[in-house]
Amino acid sequence: MYKKILIANRGEIAIRIIRACKELNIKTVAVYSDADKGSLHVNMADEAYNIGGPLPSQSYLIGKNIIKVAKKAKCDGIHPGYGFLSENAEFAEDCIKNKIDFIGPSAEAIRLMGDKITSRDIAKSAKVPLVPGTEGEVSNEEAVQAAKDIGFPLMIKASAGGGGKGMRLVHKMSDFENSLNMAKSEAKSAFNNDAVFIERFVQEPRHIEIQILGDKHGNVVHLFERECSIQRRHQKVVEEAPSPGVSKKTRELMGNIAVKLAKKVSYHGAGTVEFIMDQKENFYFLEMNTRVQVEHPITEMITGIDIVKEMIKVSYGEKLSIKQKDITITGHAIECRICAEDPGNNFIPTPGIASYTKSPQGPGVRDDSSLFNGYEVTTFYDPMLSKLIVWGKDRNDAIKRMARALDEYIVLGLKTNLGFLNRLMDEKDFIDAKLDTGFIDKHKKLLNTPKENLSISAIAGVITLHSGIDVENISRDPRFTPWKYIARRVSISRNSMF
Amino acid sequence: MYKKILIANRGEIAIRIIRACKELNIKTVAVYSDADKGSLHVNMADEAYNIGGPLPSQSYLIGKNIIKVAKKAKCDGIHPGYGFLSENAEFAEDCIKNKIDFIGPSAEAIRLMGDKITSRDIAKSAKVPLVPGTEGEVSNEEAVQAAKDIGFPLMIKASAGGGGKGMRLVHKMSDFENSLNMAKSEAKSAFNNDAVFIERFVQEPRHIEIQILGDKHGNVVHLFERECSIQRRHQKVVEEAPSPGVSKKTRELMGNIAVKLAKKVSYHGAGTVEFIMDQKENFYFLEMNTRVQVEHPITEMITGIDIVKEMIKVSYGEKLSIKQKDITITGHAIECRICAEDPGNNFIPTPGIASYTKSPQGPGVRDDSSLFNGYEVTTFYDPMLSKLIVWGKDRNDAIKRMARALDEYIVLGLKTNLGFLNRLMDEKDFIDAKLDTGFIDKHKKLLNTPKENLSISAIAGVITLHSGIDVENISRDPRFTPWKYIARRVSISRNSMF
Amino acid sequence: MKYSLKIGKEILNFNLAESGEIFNIEFNEKKYNAELIKIDSNLYSMILDGQTCTVAIKKEGKSIEIFYKGDLFSFEIPSARDKSSLENASGVDKISAPMPGRVVKVLKKVGDIIKEGEGLIVVEAMKMESELKSSIDGKVSEISVKDGDTVDLGAHLITVENDEKEDS
Amino acid sequence: MKYSLKIGKEILNFNLAESGEIFNIEFNEKKYNAELIKIDSNLYSMILDGQTCTVAIKKEGKSIEIFYKGDLFSFEIPSARDKSSLENASGVDKISAPMPGRVVKVLKKVGDIIKEGEGLIVVEAMKMESELKSSIDGKVSEISVKDGDTVDLGAHLITVENDEKEDS
């Protein structure tokens, strides 16, 4: 097995990978930008190296520096996590050139599946169903014609895109050109490439994805689907597995298609095949993510398979430890992404310092968090604070457990989406699994704080105000010096029932 | 379902029950002694009532006051947790008399199984194997004769006992009378009853117990075994499920015997049948605990069954939701009891204030804790701070995960057994599952802090000393004002590799 | 005792009386009974009319932050000016930077007539472009930034004023 | 700079030099390179010769508490007397209460001759009875409690002294 792995990432996913390595007796090396010196991932790794400034382009995106650290620290593997260099084929190649394993698929598989247009071609050749759309990127003039052909609503998408950047939904021709320009401008600034393509917008679509795992011996299995239809700003916020909208038959069909596609590019490591599905279970290929996903834990919880550990083992050359027929679904899992953002203000990120935090605990709860008291959300990185995952014996049990866990979660110092998520777990349409990617738009009341909560907070606020400058003043410390207490217990007056 | 349940307990088990109730949409009522006003269980319940002084005999043990609260708060059920009134038949009866369900077995079942001597008789009549010993309690003279007949080593046990109180292991006749007197004196002060009995001490014994669940319709199932052989002061400290020393055949046999015994007393609710087992899988009945066990979570993790929720449902009259043939074991689970105690000093409790604490997180980890920053361990109650439970795909995976989780656990302010547990997970005999209740005595080196850890701590200490009175002084705050940072980024000097 | 707290543009008024460890509070024409029990540095149990509410509290200078059920409420102690200025607050929409970022494009110029919901300025932060819109009908009266500017949180960007008073 | 820390009865000696953010420390005839990075109120990352060690630190008056890998180390800043008295410390075993509790039975009386490991006193705390034993051979020189007494943590119970000096 690997002796020492460098984790070319930050935040919760770096921590997730460090934990897997520790459990496999592998030493870990963290890298960090100037802004992350006091982060948990740095603290948890066996060694840590500063790799530059706070902007990703100054640190986490400079592959050659990361490889330099890996060589200096004598690492035999690099795990890229998600984002940053995880889907960068050149980086994967450079690792191998420097005799360090890139823990992920081959550079060729990344290259083939990383570009949306090439990946569509491969999917087409593998007879994977596709959404009708332009055959590749288009000029502005072609775009207008294509829009007329495909019809509205339609989507404009960046060729090099991902994570909702450079993406626009257009409902009518009069908005089309303006949206096209904004999408291209965003794509240009995000990916330095303004190529876009256009495709039909599936009505009331659900986002369904299949987790796959492959080894270097040609074996590929799927770990069933995840439903990721609850989105804001085209980004996932709540995911669950299995999908309440996917029948056994569709599940099998999608799984087999995903495995076929992966085999087409000799895929090894963890990957995700994303589909868009309408309410009648018609599904179309969207894209393949050639890396570990943010939402991998829900699949881990229903299958009992540790995806990150499997990635590391198959990358080292081990055969997959599991066969398709042995993989089963037990119970139901839900993940909420806890983010520093303001649902009441268009989910705008809310940078600041999380001065006081408390995580939920107890049965069936997993918190993959990078939080601590004093954790700073900067504008350099994603505003995700934590992934809260629960398991329940069925969907209803999982929803109730998530509600309970969210209720225990505390973050002071900056606005988060906790209140929104709290209300979502109580929403009848969510409980009834009436899901599509427009769910949040259809349930805008979830974005607003109930009046009652404001009242209760206001009362706590006025007591704080009344009790003087320091909150400490209202503390009635329950601490006892027990033996003294016993000596004077007869004389104590209590606000007791008895 | 119940509308509102009073939890007649404190600490982590009260929190555990509150969580189950929340997930079942049941309102909760906490009760608390003066010493527990600022405790988490009080905070998490919907309502909370003070029931008296800090000594259990002033509060948690006064059943009639607790019932008074339950009536005032209009509760339809009382969950007793473990300890305190959980195995008190009169209390169970009083609840029912007051038209409040006692969430546990019938008063009769408690009475029959609660007394060690009666329960032995019932076990005998059900043909459950028993350790050779005295038939019931004995006078001092009878005890001496019995000791000669049974032979050494032997055990002296309190009839009304539990949790290791009033229990003594005696190796030779010359120690016998002294030990008998101490056991009786402990029994007298703990249970107000100094009756004891004597039985053969099984060599290198393992403590194996079977979890059972019964409903009010005569159905009883077992949820397999737990191994609880790692003990100090005759109290469990590490438990695991399944037992690495129990074969499939023995597992089935023990399970069936436990179910038979439970049916003999029309048992409903959760219960545990405890066995002592030698290294050849010969097992003998020890006792039955007629309540939820501290270590129930490991069974929950390998079976997926929520024992506390099942207790509540069957108490309300629902049929068991599971049949024996549907209950399977998936993976392996381990629990560590994190206690305020000093392993280097005979595991003596270490009361004080846990001024700073941090719980482990991530995959497969469950922390059932009552800790927070400032939590006080008093001498009134058990020194258990938390139960740390992990799940792994097999025993080895679970051990590595527990080691990782313990490594993340932090408690400042008082000594705990964390370091000991940490070293235990690395101990070859533990990894090789060479377990018996004398394990800790045989591995005394685990009790001592490695010299290297002292050196590392001393270095941290001297830096703290050097850096002045306030630890704050050595803080180099990593916080950035990002946009300002970018403006001056060219001029910044870094301790960087590049 | 009378107290006021400000949240957003709203002023909340309270009447508070202390009796032992219990606070009797009048707020929004309702009466409440509350007790506050400290758990750790910022965590409190508030017993409100017999029901337990878990709140987290942070007080810094004149601002009080309360976390309850996943939502964060920032209250301020209002100044005298706050109370009087509130009545004339309508008719002006001052847009400021919702977070540190970069101005991509100023869409309007001073004097432009604006309809409610019309886009005024495009800013980029955390890799997302957002178009900030006017919340009122009116006229652009002031612009404090230009394309490409880097702005701090809360920096003034653009102001729209309506001339209702002149019309009426 | 020279420093000393006391743990139990042991005195540890250090030589510390600061160079930028790095501390160069000599301890037990070994040299170490250490850096301390703060994470939150009490949590630190100590980088010791390139390896990360997670430590939690509490400093109160003259005592420094370090948590590392599950163990808690309580250091004290030694006084001059500590250093000199250490050499004569042998030959006396002062037993004090290991936690608040109740004296069940005093087993010896002043003047009794005691062997190492012999029981001196039985105390009860947290529902457990414990027999406290002598760590040396010697004679009981002082008893401060009687059966049934309630004692605080650290209260003196009984002292055993050996008369080695007279013998030798």
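For reference, chains read A, B, C and D in written order, and residue numbers begin at 1 within each chain.
Here is the rule we go by: contacts are C-beta pairs under 8 Å (C-beta built on N, C-alpha and C of every residue); 3 or more make two chains touch, one makes a residue touch a chain.
Computed from a prediction, not measured in an experiment: that's the story for all the values here.
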item	value
Neighbouring chains common to chain A and chain C, by label	B
Taking each chain's C-alpha mean as its centre, the one farthest from chain A	D
Whole-Å gap separating chain A and chain D, where each centre is the average of the chain's CA atoms	49
Chain C-chain D separation of Cα centroids, rounded to whole Å	55
Computed distance of Cα centres, chain B from chain A, in Å	36
Multi-chain contact sites of chain A, meaning residues that touch two or more partners	37-39, 44, 351, 358, 372, 379, 407, 476-478, 482-483, 486, 495
Where chain C touches two or more other chains, by residue	37-38, 41, 43, 54, 100
Chain D to chain B touching residues, read off their complex	1, 3, 5, 7, 12, 14, 16, 18, 20-21, 23, 25, 27-28, 32, 34, 36-38, 41-44, 46, 48, 53-59, 64-73, 75, 77, 98-101, 104, 122, 124-130, 153
Residue ranges of chain C touching chain B (in the complex, touch as defined)	37-41, 43, 45, 47, 50-52, 54, 100, 150-152
Residues of chain B touching chain A in the complex	15-16, 19-20, 22-25, 34-39, 44, 49-55, 58, 65, 68-69, 72, 297, 300, 304-306, 330-331, 351, 353, 358-359, 361-369, 372, 376, 378-380, 393, 397, 400-401, 403-404, 407-408, 476-480, 482-483, 485-486, 489, 492, 494-498
Touching residues on chain A, where the partner in the complex is chain D	30, 37-40, 42-48, 372-374, 482-483, 486-487
Contact footprint of chain D on chain B as seen in their complex	165, 182, 185-186, 189-190, 233, 345-346, 348-351, 355-356, 358, 379, 382-383, 406-407, 409-422, 449, 453-467, 469-471, 474-478, 495
